[in-house]
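Next up: the structures, one after another.
The following pair of complexes shares a single chain, chain A, combined with chain B in the former and chain C in the latter.
== the complex of A and B ==
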């Protein structure tokens, strides 16, 4: 599925003294089967932008297109099944007595038969390495376990585009790596993933393209190498290391992922 | 309250002292903390790391009296938070994980002032303290914004300002930078480093690079305190890291794989410099 945002503007509290223009004309395409990272400082409009992707927020002006069709003409329930949105701190929306029931809530609304619902719940929990939590109360879980339960609830809808807003905030380092692997696995299975993150090191590992937001506008978009070498002051640690070496050792190239960077640095040292 | 005997109380010479503290959540089969003993000296900056579910947040809640230990004892400046929670909270302030849950007031400045109002601080002094705290976290110009219109990172700074305004001598920070961008994180960390000598800080984080300047790093896993190390020894102990679901940050990891000591090289600049020095001198010793 191709998701297109055209010249989106969004004004919060319009016509009041507290008016804030969060988006000032953003155009962006989410291509099929890609991991698109959206980065930018706090308050740059990242979360506002992604909440337009399933029309949870309606733009003040501009358009959202799903495979070329105006998203406002689709049924909202259909749109929200196809574009799954995982909020920041999604665990605050957990409510059911068990994790299993919580994850089953959304797919059950689709009118699937019970066996299909159970199967989807099992698969989603397994994909997140959370199968063992199925019978537990979501309120007795740790922060990272709750996060996985909440994401499983959205995965169980089998979205074509999965939008995740700061999914790794508060996760331990290994859980963070597991979640990034899950994102790559989803892309392999044909799902597009929009990853909102302020952690450029994790963006470097998984993104096919990067979009940088600044004060409600797109200030750069392209491959990770294009974007990060274009402004090495706003780049992951790998690029900050190599860009300091490129002046005297241009043969180092433009690696971004940590394995590529390690290979390039080893070649440089002749080890 | 008069406390003439404060310094003769057990644990009184420590800012925080936990003695064989255990806690289990209702309905959970295994203890969230079991027999944890630790002491924080005044002015110490101590990091706490470990996997999700390891007991970090439980420890935080026991320190300010939100939870009572099942067995063992917690003392904060010689007081027991389970029996004197309000007194303890004047001395020990907590910044909780999710900033969303802590914001209560209609405007940012009211939110920052909330804790002071509860303590009955006079208005004149309150205005000064709020302004200083707002400046410290880089939120000037946000005073009349409504918290719900702020981004996650901005909310986190509002919550931090509210904590700083109360001026507790012990700060407990549960992932204070989890929602901040790189620049915001650097600012907050620099501010925390400045506090280093005057405050006692317990800093819970998953971002190990934030703790290179700490005095000690504690590792909690499965409810047990499994290590208490200096940053240098901690970063060099690959087994300890792996056993506790910890992963070295990018720069120390690259440094280690290239044959440099990981704890000495925590910034990209330091690593780049070390590589240049090695390639220029032509020595390829590993």
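== the complex of A and C ==
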């Protein structure tokens, strides 16, 4: 599905001395079957923005469109099923006695029959490599295991767009790798993924497009090459290296992913 | 985001804000006790006028102060109605079916409601003009004579400070968890009271777990900075009881005595 944000503005605590304008007119499209990364410093409005994608936050002004239709006309439960939102540190919302029960929460709220619920729980846990955790208590797991259980809990709704806010923050390198593979796998199966991240290196590896937020506005949007070579000081390590070489060797091109960069460097060496 | 209500501190610079917290605590205690000794309407109105004057001196905008009182207005209104309709004293002013309004009831209703309002206002003025940390320091000092009988004055004050400090933090955490569960299809508005209460379990359980985790972390952080309880602990901000504090306390006492005598 196509998710469109039109000129979103959001003001917190409006009309009080604590008023903060978090979004100042953001327009953005999440295309079907793409991985869109949203990057930006702390306080740039990333987390506020993603909570508008399933209308957990209602914009002060502006519109959210789902396949061209105004999202406010959809049933909220329907919208929240189609746009799955994984909060930052989602493990802080685990509550059930077992991982299985916790993952089953969302599909049960959808009113699916018990067999279908079980099937979805099994599938989403497997997708996260957490099938063996099903019977355990979520409070007895390691940080990485909790994170997987929590993400599985949203995946079990089979969303058409998955929005993940800083999913790899605080994870070990291996878990991070697996999570990025999951994101790519979801895109393969036709799900769009919105990835909010601080880590430009991981964004470089998985994103089809990158959107840079700055003080509540979109300051750049485009392919990773366009965005990162546009401002190589705010870029992944690969781009920072190649952009230094580009002065003397422009034929290196604009590789972003580590494999592309490696190939480009080898080609350079070969000539 | 942050909850505004009774007990909220409004940092301004005013003579009332500048007073020693101990003076304000004592004055409030005196005020609360004194209120129950005032038995004439004239006296109560006099005390009310004094309190209004105090609020003006504190520079807290009247609208803001009234908003502070909003949570208790319901109880005040209930007190008033109860007295007005169920007291059978004095002349009958009004009759409608089984409802009768008597002059005595009306007077008593207003009297009790005003007293309740003044009670809450005085406590509200205390917390609105005193920073939570200063308040805890003041309480600790006032309770310190009890240390002789092994009452943990410092620990009690520290617990109060921490509890106050964590109200907004837990509030924010609750909002976040509510959002996360809503994203998984939780609905907190549908169904009867029982179902609604049940729907909050997925919020309350992680909130409680998180609060315990936070408590552990805070204890570790405090200990790693050398906290070992009140024994031999010094203060960054020393409290000083000045002449102005003594005067403010005497003034409160004087106004109340006038109120009682009226």
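Following the convention adopted for this analysis, the second predicted complex is superposed on the first by the 270 of 271 C-alpha atoms of A that agree within 3 Å, B and C clash if a C-alpha of one lies under 4 Å from a C-alpha of the other, contacts with A are read in each partner's own complex, and residues count from 1 in each chain.
Quick note on the criterion: a residue touches a chain if its C-beta (ideal position, glycine included) is under 8 Å from a C-beta of that chain, and two chains touch if they have at least 3 such contacts.
Keep in mind it's a predicted model, so treat the numbers as computed, not measured.
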{"item": "Three-chain arrangement built on chain A, chain B and chain C clash or fit", "value": "clash"}
{"item": "First (chain B), second (chain C), both or neither touched by A:80", "value": "second"}
{"item": "Superposed model, chain A: greater residue contact from chain B or chain C", "value": "B"}
{"item": "Touched partner set for A:135, first chain B, second chain C, both or neither", "value": "neither"}
{"item": "Touched partner set for A:230, first chain B, second chain C, both or neither", "value": "neither"}
{"item": "First, second, both or neither for A:185, with chain B first and chain C second", "value": "neither"}
{"item": "Which superposed partner A:18 touches (first chain B, second chain C, both, neither)", "value": "both"}
{"item": "First, second, both or neither for A:90, with chain B first and chain C second", "value": "second"}
{"item": "Which superposed partner A:40 touches (first chain B, second chain C, both, neither)", "value": "first"}
{"item": "Common ground on chain A, meaning residues reached by chain C in one complex and by chain B in the other", "value": "12-13, 18, 92"}
{"item": "Contact footprint of chain B on chain A as seen in their complex", "value": "12-13, 18, 20, 40-44, 46-47, 88-89, 92, 137, 140-145, 166, 169-177, 198, 200-201, 234, 236-238, 240-242, 244-245, 248-249, 258, 261-262, 265-266, 268-271"}
{"item": "For the chain B and chain A complex, residues of the former touching the latter", "value": "25, 27-28, 50-54, 57, 97-98, 100-101, 144-146, 149-154, 157, 175, 178-184, 206, 208, 245-247, 249-251, 253-254, 257-259, 268-269, 271-273, 275-276, 278-279, 284, 286"}
{"item": "Touching residues on chain A, where the partner in the complex is chain C", "value": "12-13, 16, 18, 51, 54, 56, 77, 80-81, 84-87, 90, 92-96, 105-106, 109-110, 139, 153-154, 157"}
{"item": "Interface residues, chain C side, partner chain A - complex", "value": "1-2, 4, 173, 176-177, 179-187, 201-203, 205-206, 209-210"}
